[in-house]
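The structure follows.
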Amino acid sequence: MTSILLNALQYLGYILIFPGFLFCFVCGMLLCGIDRKLVARMQKRVGPPILQPFYDFFKLCGKETIIPDAASRTTFLAAPLVGLAALVVIQLFVPIHGFSAFYGMADVIVILYLLLIPALASILGAAASGSPYAGIGLSREMVTIISCELPLVLILLAIAKTVGNALGTGLCFSLSAIADYQLVHGSLITKARMIPAAIAMLLVIPGETGNHPFDAAEAETEICEGMLAEYSGGPLAVFKLSHAVKMLTLTSLFVALFLGGVGTGITAVDGVVVFILCVIVTAVSISFVHAVTARLKIEQIFKYYWTVVSGLALVSLVLAWYGL
Amino acid sequence: MFKKLIEESTAKSPWLFHINSGSCNGCDIELVAILTPRYDVERLGFKLAGSPRQADIVVVTGPITKQSLPRVLRSISQVPEPRCIVTMGSCPQSGNVFKGSYSVAGPLSKYVHVDVDIAGCAPKPEAIIDGLALATQILKEKRGQM
Amino acid sequence: MSMLNYHHFPIYSIMVLFFGAFLIAAIGGRDIAKNRKTTGVRAFIPLLATAASLAFLIALIKPVMLGGEVIAYWMGSRGISNGYAIGIALEVDALSLFFALLIATALFVSAVYSIKYMEHDDNIGQYYILYCMLGGGVLGLVLSGDIFNMFIMVEILTFAAVALTAFRTKVYGALEAAFKYLVVGCMGSTLILTGVIMLYAQYHTLNLAQLAALIPGTMNNATKLAFALLYIGFSTKAFIVPFHPLAADAHGAAPASISVLISGVLTKSGIYGIIRLTYFLFQTMELGAMQFMLVFVGSVSMFVCVTMALAQHDFKRLLAFHSISQIGYVLAAVGLSTALGISAGLYHAMNHTLFKGLLFLAAGAVLHETGTTDLGKLGGLSKKMPHTTVLFLIGAFSISGVPPFNGFASKWMIYQATYQKAVETGNIGFLLVTIIALITSVLTLASFVKVSQSVFFGQLPAEYENVKEVPFGMRLAMGILAVLCVITGLVPQLVTRYLTEPAARAVFRVGDYISSMGFASQTPAPAVSFAQVGVWEPISWLLILCIALLAVTIVAVAGKYDRVSVRSSETVDTKYQLFYGGEDNFHSQVGGGDLFWGFKHNWRHYFSFMHDLHSGIVNDYALWAVVALALSIVFVMIVL
Amino acid sequence: MDFPFVREAVVKLFSKPSTQLYPAVPSEAAPGYRGKIVFHPETCINCGMCERVCAGGAISTTVEKTEEGDKITRTFDLGSCTFCNTCADFCSRHSIELTRDYHMIGVEEGDLLVSGTFIKAPPKRPAPKPAPTPKPVEEKKADTPAPAPEN
């Protein structure tokens, strides 16, 4: 009885503290702050303090939450919470150097689909707000999701094939197995055939998180923050937090898929190591791309992802398929 | 504890919403200038918001023409509390050289309570930073009274 | 045998529907006076009949699905004489029963829905007569053990479906749609009849089991031609490419309760026919070329139809194209010829019946209340019809494959099956199918985002200010399907173990099918494996999500998240208006057919090509049918 | 597709930012900057030229009769001023000066007003003069307060 209780407590701890909610909150926000700082420095600015996202979050918590007359209240309020919870759950499945809180419960294809839920939550929240700006925003967000889907699918299939070939099972969808494989054989990024896929993944991350220059869905200067046009106060804070957590999730997914095998085996230390790797990935894929580009139009985003990025991923997939 | 935290955060993360009510663009350019690398108010937590729902400080420029008056007032009313209204440049404070024109409905203080006036035509970016810093303090006080 | 022996149940389940049709006709098929009493009785008879039919079939789960028995039932006393089957037979294996269960469920739910949905229509008696005929026809098709009876049933269901498509003659395009359906449907039926005649001429029997025992190994050109004819004939019933435009027209014009049957029942009967044809009668699925044919047609169907759906601006037409797209998934998975693939395909077929039924019923609810299904005219109904919105969203999430709903469970099995097949055969073509399936899935999501934004969210047009929630009976029907969608998504292991795996196993046990009818069979049942590489535990995931959601909500509520300001008085307060860049609010709904222009812009050449291709002229579609027939004859002649 | 700022971004990441840390480090306006108005009432002769040339109507004058003479208060409303320097240019006595001080923030009413008061004694009247010269008359006209702009 007590062991069941302890187990339950342990899992609750996983969900609430590490690598769940609290970890996501702190690390995601830090990542977001570091990203803003880095972008500022690349633009020769001082930039906001690293803790700025925390200030933003708490300030928004203290603001009034206005629900417009045209909005569908329940969906409007519930959408951000569902999106955040779904993101936290994805983070639970991403292994941290061999440690995964919930082993063998979801594989890469499932993760691909789970990533749709937060996006879908924000889309439905935007739809429920009734604003035409949000309508345009959600249309763009959906197109961005479609754009990112093809390269992401190709990348994941390439990884599944590569790891599966090496393990002799033919294909391997399990995230934990991919992580374990890298513990033994070294990071996937060291394999020449996976480098195009890794580059493609780096380019997919800002699209998935909706960062500059792929932020047509939330373009604050053109369509008044797009999907978030009617959100204020607490729900907006949760959306901003979701965005930060999404950055953490995707970068740590990149770390788990391509940079696995770096770590010590002590979970606490690995958490820090993974976070540092996440910061590096963020610096390269989010901050750097942000600093050197201007916002793309939505049809450009689509074209870019389905030609350049998908092409890179396809190269990897074909190389992996023929075992080159 | 959280109340204190929220108050502190309110002062450190004011988001601006800019309304141009018939301005000559001088002030608008100066407002953008404070976001440039040279002045970079993002280091103080300022950010331009795209929608009044997300703003804390409303910056109004221009002499409040009759056409823009209902739109300005509607946008201001859509900003959630606590909010702070800042007029920038001489126009929204008095009408400046447009004073007495048939198409000018200003000054803004006739319609809403204005918290901070930043004088200048157009104000120097440093002056804007001064004024906005003052506005954040007012914002913090308002948050404390909520 | 006593009357309650379960061997009688298949014929009961068919006859009860035909008897219901007869009974309604006996009461009086035509409304001379608007007699409420007989109207109620007429609505009640099909309800009872479909419920009884479903009950009989559910009673068969234990012996057939779990026990693995194949029920061979001879009508009358005639059976096999001189080694030839001369009697009329029913033969129910797990595959037949699986499809029959789907069909009976859809029939029952649609009957529940019809009570309220059809109450304002004229000639309800005729509607219900045709309804029962359609149901009996489809059930007869899937339970029949006799290829000529399959043809008879195809005829019954086609004509019932054509008549029901045109039932609302006042609806614009209903007669035209029915005419198109009639023309191409009759072509299909004729092809099936021709195929049956050719087989009979060759083998002197019509019994499926006997044909299955005789045909493999003795194929000549006439048999091959018969195969091609039957294949195209059943394709027209399943509406797969190139017969998809018919479905769109028929769905758009038919009442929603009939759309449920067309998409959930008729297309399944076509798929059933194709499976019977390829796996049982001709046993050709060992051939890579046949696998290629089904997988290719399936992939083309799923992709072409999903893009066609993205371009639609009518709710029901959009659903119609999705229907074919999902059938494409089923066909592609079934065509893999692996145990996992067939299991996944059947699972998806089941899910398709459930969620597409739900979506059509939701579309019907919208039509019932607002009188239109034009995406450009609707909007903001979620405030007026909250229950319908929730039910629609469950259906939309299911079809888009959002975890943990059922569409995800089956699609995910399909991805694994295709990828596994690709790895096993080393054929990169199957990998392409996986990719197409994944992309189709996200495009499906996109078009349902479009529907939810255009119909249920966004802004409410002034003319729908007085719209009310649909009656309870309609919501009940949708609720049943929604609950089934959630359950089948949450327990994929149970569904596969008790429903789809027995059915998939039956596909490989052709020998049992033949021998239980009393014929000698040489085909040993191969060992099949349903092993999956992926892992997905929806219940655990849902549990974690719930805990996380609860935690987030508690923190949020503690942080005064719920202290929101909502306008209290009736007066207009600008604070609670939408932000329109400062303008006063006016009706501005973003939605309709062109929502994803960023996507469409890049594909404009493709879309304009498709637009030109789908001319809407029945002659063109008949020509497509002829071309498809010619191609498949050539293909079959070459590869078989 | 080309990215002209790739090199720039990498170099700048490791170099010192060019931001002026304004509130912490005070900053001075450039020479010639026209900022806050300073009024020297002691040199003013109340000729009224400034008020006449002011486009924004920012200058107002009030006159109060006292025993010593007219107590004249000249008020500059910075909230209505265009900082064009015309008043200073036209001031023959250099009583108006636009400084380089740009800190002009108003929170309460009156924060943005600059005013100066002086007493203008009537000119010592030589005992009997036949008639008043036209000049003082004009001056008196100018003295009448223009309708002060509402603030």
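Letters A, B, C and D mark the chains as written, and numbering starts fresh at 1 in each.
Quick note on the criterion: a residue touches a chain if its C-beta (ideal position, glycine included) is under 8 Å from a C-beta of that chain, and two chains touch if they have at least 3 such contacts.
Since we're looking at a predicted model, the values are computed, not measured.
Distance from per-chain Cα centroids to the pooled protein Cα centroid is smallest for A. Inter-chain spacing, taken between the CA centroids of chain A and chain B, is 35 Å.
Mean C-alpha position of chain B lies 58 Å from that of chain C. Centre-to-centre spacing of chain C and chain D amounts to 81 Å, using the average Cα coordinate of each chain. Counting partner chains per residue, chain D has residues 17-19, 21 touching two or more of them. In chain A, the residues that reach two or more other chains under the touch definition are 40, 43-47, 61, 64-66, 133, 224, 229-230, 233. Counting only residues that touch two or more partner chains, chain B has 2, 37, 40, 43-44, 51, 53, 78, 80.
Remark: the chains found to touch one another pair up as A-B, A-C, A-D, B-C, B-D. On the chain C side of its complex with chain B, the touching residues are 559, 565, 573-575, 577, 579, 581-584.
The residues of chain D lying in touch with chain A in their complex are 1, 3, 5-6, 8-10, 12-13, 15, 17-19, 21.
Listing the residues of chain B that touch chain D in their complex gives 37-40, 43-44, 90, 93-97, 99-100, 107, 115-121, 123-127, 129-131, 133-134, 138. Listed in rising order, the residues of chain A touching chain B in the complex are 36, 40, 43-49, 52, 54-59, 61-66, 133, 219-221, 223-226, 228-233, 236.
Against chain A, the residues of chain C that register as touching in their complex are 380, 382-383, 386, 389, 393, 397, 401-403, 408, 412, 415-416, 419-420, 423-424, 428, 431, 434-435, 438-439, 442-443, 445-446, 449-450, 452-453, 456-460, 533-537, 540-541, 544-545, 547-549, 551-553, 556, 559-567, 575-581, 585, 588-591, 595-599, 601-602.
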